[in-house]
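Just so it is clear, A, B, C and D label the chains in written order, and each chain counts residues from 1 on its own.
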């Protein structure tokens, strides 16, 4: 039993936590609050904000909610839907691709190789994200490497359109998020008690059954953590769809970015940003409920 | 981790921090970003590839003023930085419509013409524009047009209008600028309207045309489109004349630039002083320096964009001066318009643009 | 008295929120003795030990060590050291570094420190293990390193928090003997926390039995075993044969009782206040002090209770009998198997016998605790 | 069973090929003779030579390293303290703190960037390297706190009590026992922060002021105007440096050879 386990609150925690509270309070929460307030204001003609003369009348007119109302317009709902769909597909592809890799590294590969293999998963991410994305453009473009290889090998006679479509965006998203799926899966597969697998085989379950009824349920926390870690950033992405998608589609992230950087409509951008945040929070609440029930959290 | 190893890692981390920290301290000592009184320094915020390094070096050599510059790739970045009120730039180079916005938002400081004797070098045709009557806040730096570059081997004949960008035969071979106003300008001009129309009906019409065009477009790109064109990935690339002129100059038999006869955007990037500009002496020294015909010519030769500097023309390389893509004939400019801020219609246009993109 | 008191605990209470983990405990632990705090888990023994070590501050009361008040003194300023339950060896340090850890905070030069480490390692037969790391040691070795680390500082009092709990049975017996020998040779006061009564009896000079934060009984090990003062202590010490009866008279040092199971018994009073006639009391007799006879021995002055055999467990050295009296009271009898097996197996379940004991082996129980001697 | 193992291995190899294809291209073309990035024209060190004399890129690399180092140190210290508070004590606002630490990770970067630049404007804080460091610290503390907190969850408190018992004062205990034991977590957190900081584009683009252009901002503007292999060269160098650093750190963390398994 630890010294404080039974004890009440300890004052000793405050000197440790206060600096973090201060930094996050001043430079994170406060700015977010400012932005939140802005999401209820109106855009000035030249960007910036329109001054509000009569706050009471403004609130009563309901205009302060106009950006949230606007975001419910079918165009924007379509964008949100698309973003969610892309994030879902990215997450599923990442999961399907990562699970065998994590399984191989955690269970099949010789133990002394594991750290090396894990290192290899992470190393590509020590290069600039932008450069990596650009490298994909380089590979996928019409006269790029992939097409040259395909044509040289005689698989196709004319170049394929590999870039500037959903396929290339998906490649970019999956590429960027893959380690965030592999690592938590590895963490939970590595903890998996092999005797369970043997027990299942011993009880006569065929390998596929063992995998479905023992391995998957036992690694569910890792799967859940990976899903959260991949889904959340995919939802807010905008550079990938700009560069690899040829800016031909708009995802929620692009919408926010456009409002801030191009359309200069900070209030609308803020409103969409907070909606996006709310969606992510909802997902996390679900995740929190899941881990509470499961009593195991790979994330924290 | 072993105790010894732990100490070594800590030590290494500390050493790393010290090594990395040292230059920062060193830098602060000899070249602070915010100079004290008497220090000669100039902070520039300028488009990327807009000022050849040798021109900067020459300025520092002549005046002893250290130039520090950061680059941007959109007018909105300038607005964002100046609006924050906390960026320390002495000079920015926004485009026409942005000059008007910055001036309206009182983010600029008037130019003292008395300290700019060389202002007279500028072609009066480019002065006193709508976006800054009397050039109170801006001094023309370079100007150009937004047309399109094309692959001569792929185009039928010699194109002279916007039509190829809407021709289904060119499906998947068209690149458009990833810029709402420029794309609408193409559609509006092609439909015979002013590119500054605010009529919702006209805007709707243009939006529908752009929507119809979208399946033909391979990508929207405002960055390195000239390279994509040069690499043969597209046949037609909507873009600014200078950037296309640069690659066309390398392979003139392969690439060309079109300033469509329906008219197009003419734009001008001007030098402005942010309200908070502090190194006033340096600013005027620099402005007079770039107004020098020889210096101006070096800039034009370096970036392939036209300047408004008349006496500079005799120092400009003939192949640039005579390139209609860079210095178009006056007749071609007749139907060209500056982009103006369309005020509240921006929101409508933005909504249409989102609609096009989300399609 | 104060001169030979090593740890003086005065009215110490420790509350965590509403519950009192330690409740008004007063104890004197004598210099150089092996003192055990014995009790089931959650009885407060570890909390009391941690208060002596300085890891917890009493809510009320005071703790003095060698006459100096230490109630609010932090652990690093106390002349006591502790052997933790799971040893708490620093995994990132070698055995030598672990043992030298505390010496760094003593005014001592490097060579002297080295000598001291070597000396202590020698004492605990750990020479040659200096460069090993804790995870390269066996359980017994780790336990000795923990001991060496604490002893290196020559504490006035050594606190041991169930230090044998992680060892296997056989090793445990060995270490018990070694520990006791070590304590004797060093003459340091040992305060030992355990939930194992046998372990406590093997090693301790004196024992305090704790229950629900209170000391039920404290005294010489043998006395606590032989003459438990409360029902809880009796139970915990494995003496679960409770007899009840009503007082007939209390002449001199004895009490004459009418047993509820039938028969009379004269039970020693043990110096407590004499109960009044007619009062209901309980007493206990340890199982090995009970005897089963075919005949009623009351006439010879041996208390005898009529019982029926319920069960019998043959254990080799001994046989355990379960019997029941007329009132339904259950008793356990340990019988040494001195007689040939065939003979001892003559009683089958259902046999009607008499439960006999010597009056001097009966221990009168008092309500509540606090039987400090 | 054998065949399944081989299949898994093949799959893993394919995924690694996918992960390394862009990296290989990037490194390869940093040695390409032409700046027309599409074709291979021959081997050259030209771009490295050019890079080493390109003061702009080197300046942005230096900015990135300064920001990365400062943010790493500050965020690591604060995050570790926060993790200690959460792992050790119960205090008022504990649950809120946990949620607060999740927020910077889940809120889209662009929102954080926009909020910060708006706030700096309101507060009158001049944009500079300092504001970039502040922004990076804000989104990094959480990563450190989470990683260190995880490390602390398996931490045996009696080790600290043992140190106190042996005469070490609380501060000495922290440096001689607690810190060495949570160090792998702290180092992991610090590496994570450094990686994120040195690669951040979105937030940095909002809060960078005069002379505060970091490498990703520079790379982005270079990408916009067409890449020169110089960008590849600088990436290759950074990659090589970090790989060497990691291998070095790994070697330090290797257990002694005679250590038994388990």
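Convention: contacts are C-beta pairs under 8 Å (C-beta built on N, C-alpha and C of every residue); 3 or more make two chains touch, one makes a residue touch a chain.
What you see is a predicted model, and the numbers here were worked out from it, not measured in a lab.
Taking chain B out in thought, with all other chains where they are, everything left is connected by touch in one piece. Contact analysis places A-D first among chain pairs (by count of C-beta pairs in contact). Distances from each chain's CA mean to the overall CA mean are smallest for chain D. Distance between chain C and chain D, defined via averaged C-alpha coordinates, is recorded as 56 Å. Separating the CA-averaged centres of chain A and chain C is a span of 59 Å. Distance between chain A and chain B, defined via averaged C-alpha coordinates, is recorded as 34 Å. Look at where the CA atoms of chain B average out and do the same for chain C: the two points lie 88 Å apart.
Residue positions of chain C touching 2 or more other chains: 55, 92, 133.
Those residues of chain D in touch with two or more other chains are numbered 38, 118, 161, 180, 220, 223, 227, 256.
For chain A, residues touching at least two other chains, in rising order: 3, 7-8, 141, 143, 260. Partner chain D is touched in their complex by these residues of chain C: 53-55, 74-76, 80-82, 84-86, 88-92, 101-102, 104-106, 133, 135-136, 149-150, 153.
Considering their complex, residues 36, 38, 56, 62, 65-66, 68-70, 72-73, 117-118, 120-121, 124-129, 131, 180, 183-184, 187, 190, 205-206, 208-213, 218, 220-227, 248-249, 252-256 of chain D touch chain B. Interface residues of chain B facing chain A in the complex, by the touch rule stated above, are 74, 76-77, 79-80, 83, 101, 104-105, 172, 178, 180, 214, 217-221, 228, 231-233, 341, 343-344, 346-347, 350-351, 354-355, 357-358.
Residues 43, 45-48, 73, 75-76, 78-79, 82, 141-143, 161, 163-164, 242, 246-250, 254-255, 258, 260-265 of chain A are the ones that touch chain B when the two sit in their complex.
Looking at the complex, you find that chain D touches chain A at residues 1, 4-5, 8-9, 11-12, 15-16, 18-23, 25-26, 29, 37-38, 78-79, 81-82, 84-86, 88-93, 97-98, 100-112, 114-116, 118-119, 122, 134-135, 137-138, 141, 145-146, 149-150, 157, 161, 195, 199, 201-202, 215-216, 219-220, 223, 227, 231-232, 235, 238-239, 242-243, 246, 250.
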